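Shown next, in structure tokens, is the structure this report addresses.
The letters A, B, C and D name the chains in turn, as written, and every chain counts its residues from 1.
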């Protein structure tokens, strides 16, 4: 009771939600984006080396997509179950607040539902061969846009910094959705895939940042949620997180290239690698 | 008189329009979107099976387009006639309100007029062969954008929830118009056609939702039109309706594929179907 | 003095500018859009008939472009000269107002200047052969966007209806600029050219409408510039003007097709026209 | 103390920042845009003349890109060092203001950081051949968008004219980022490259204009930062600066074409130049 009162003064207004509710989705989005980065770089490097080892065949990548679909559906089901378990808690809240928490639960349900649909479409499209594969891209774009739409309508009557944090969550997701929509019109464009992954990772990292800003461990060092200079500081933080995603992409690129080359040189040292570089150059240019 | 007064209190402000005025267009948009979904999936499945039965020839689809044009023109004429018949009612209203109703009638007339133009262009382009077919796509995009523009300028001085409901109507139509505009630059892109159909169906379903929210059957369970948590709840509803359109598309896809295959297997059981699946896979990939 | 006072009451606030200042640009934009429509349809029909008569050769169209450039430069110079002549009048105005009129003159000068640049680029690109032709498209897009940008920043401290009228001017120009920018990435896309022309014509027609709304001939039937239902009514007017541009395009298309066919049949009746229609159909489909 | 007080009256409110802080980036952006213009026109003219002299080979342009990368990284490091040196000064400021200056320093750091990343990517992609070249385009687009995002969040609690000036800085950068993003999907599109350069140059020129508006040399002729007619005047200024960039492009185009031709005619007068012009025409048309 004491802590709750301390938070509802002018500097630290009432904040809905809790730390794990923002930390966990952040981690999930980070992991999924990291997996997209690894998958796409691996696919790109394999194509560039123009040979598939015993492991990294086309079937491997199709199986990876199906597995990704199952994992996404699983995550969504866990999330939805979690929502229903947490629904019990709200009986302890006052009436008005209880209603708002219920509405926010519907918001989260909508997001989980669209990711479940994405997972389901992924499983269907990569198992039933007559379905167009681009349907997966459309459902991905839909899931990201719906996420952005929900977060855009999520921030009524919140503190300045709280609102701004959620608007940037929506902004990162909207951009990711836009890039995913552009992918509908391209075929195997590595740059767009990495851009979409980096924006999704930014969304995940920003969830973590928001969790630490809104629900600080140490109440004494809490952020002043109504100070506009905090908003301006968060704007530059957002950019630095975005820069960070490119460093993560760069490290992955270097590691995967080295791994594939090292593996290949062990498995098939007999094959000549002369005159390889001009071709590679050409490929990397044709890519776009 | 009693009921009308009860509605103009702070929780239930005066709502312009009536239930059938929002229910009927909703049903019409739903039907037209459903027809687009069936037509495009049928066309896609026929192309994928690489043979046309006696019924589903190219001429059949051209005739279907002309018929669609005639139906759209018919609907628009019925709508415009209905507007003029309802214009008589407004004499019973007070002066200020009568003027507003007249202005709203002009809004509806503009929408009907552009759909009539779409229908007319469809009939002309599919009968006169020298006209470019892409003109139909332009007029479709125009009709959807004008619809969105009108709804955007439709919501002055309304209750919070009323305004939000109409903004989402405008939003769905704007997105559908954007996709229709993108179709100008593509050729036979199934995914874009389904996306446009699903957004149009969402527009239709949302009309139905708005009708039930604004003009409830049971006055005692009426929505509080000035409560912001209703706005947030409607935002998640909007997403679930969007998800619903994809389930409708999925069911249609499964049914039509099954019907075409079953029909084909009855009509031409002699032809071999060996080695079909790799080709189909390739096609579905080339599609985008 | 009497009339000016009558206009500055609450219903008829002070309106800057005069009737000819909005009527003349409206007529100019209408004429230029009409010329674009005629030029592009003529080019399209000639290509579709797959032969050029003595008159409508490729050289004819290049000369037409150069002539168009000269006319646009001429119009811009006349406009700039007119601005300087009208600058003298403002000495009679009070100090504050005089400054505002000067600022608005700079606005008009910017618009005329960019159209002069468009004209100049047109002349240069079609006379000097080494210059890329797409530079003309870029300058056209620039001129339209600058026009939209200026009108967007044009409407400070005006009456409701006055502001809305100028926002729609800006809106039509912005859309025309967007289409002109898209033309950069396409080659001879008739639909985009007609769309850009129709939006420019809409801009012209809307100038005429704004002139009649803001500076009515008969002061007794003046519009109430602060009534929001007038804004809503103007929104539907805007759509009907847009519909009108398509009727003008349709009439031009029909007339020009008939003229070219009639002329061709007179000039070269000997050549066979058998089996023409399937080809034409194909062409009109390939067009997009 | 005296001057500072004079500035914080209603007409001349407190302005954060100083003259060199806006003048220097303006000069840097102008120089980099000028270099882009010269580089791209030189490349275009060399390709058009279909031969490379001893100097302007493909290797020359690759080396030029690497050198550009090094220069950009160098500029960014100088900028970041400058920021840390200036950080000492803020101890003299009152507490609240000191905090704001620190936040603004983080903003500038984010911008410099992304340009450093652009430079680094340029060096890596043009030295390591297996990296996709389009990564450079993505990082350029990122740097420009981040710049626009930072400036958009930069203008809290400033005077009217100050805010508008910074919004236009953000606007020019946003457009440049958009064009750079579009370049991802094209290959050697001269027009888009020149458009991106002209918008970056506009950004630079506008920095200079903002420097002179906000920090006038002569305090007596200072701009009234709260007068809206100054905002409207600056809107037209912005357009004229944009026009100026095209004149700079035009002069460069003429000079470089003349130089290349003159140099070529000196180096290789023996080769025939007959029948050149029709080819060139074709090329310039194919370009888009």
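Definition applied: contacts are C-beta pairs under 8 Å (C-beta built on N, C-alpha and C of every residue); 3 or more make two chains touch, one makes a residue touch a chain.
Since this is a predicted model, take the numbers as computed values, not measurements.
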item: Shared interface numbering between subunit D and subunit A [over half = same, under half = different]; value: different
item: Most widely separated chain from subunit B, with each centre as the mean of CA atoms; value: D
item: For subunit A placed onto subunit C, the superposition rotation in degrees, Cα atoms, nearest 5; value: 180
item: Separation of mean Cα positions, subunit D and subunit B [Å, integer]; value: 45
item: Where subunit C and subunit D are represented by their mean Cα positions, the distance between them in whole Å; value: 32
item: Touching two or more other chains - residue numbers and ranges from subunit B; value: none
item: Pairs of chains satisfying the touch condition; value: A-B, A-D, B-C, C-D
item: Subunit D partner contacts - residues on subunit A that touch it in the complex; value: 48, 186, 190-192, 194-195, 228-229, 231-233, 235-240, 242-243, 246, 257, 277, 280-281, 284-285, 287-288
item: Residues of subunit C touching subunit D in the complex; value: 99-100, 103-104, 106-107, 109-110, 113-114, 117, 129-135, 137-139, 142, 146, 149-150, 153-154, 156-157, 184-185, 187
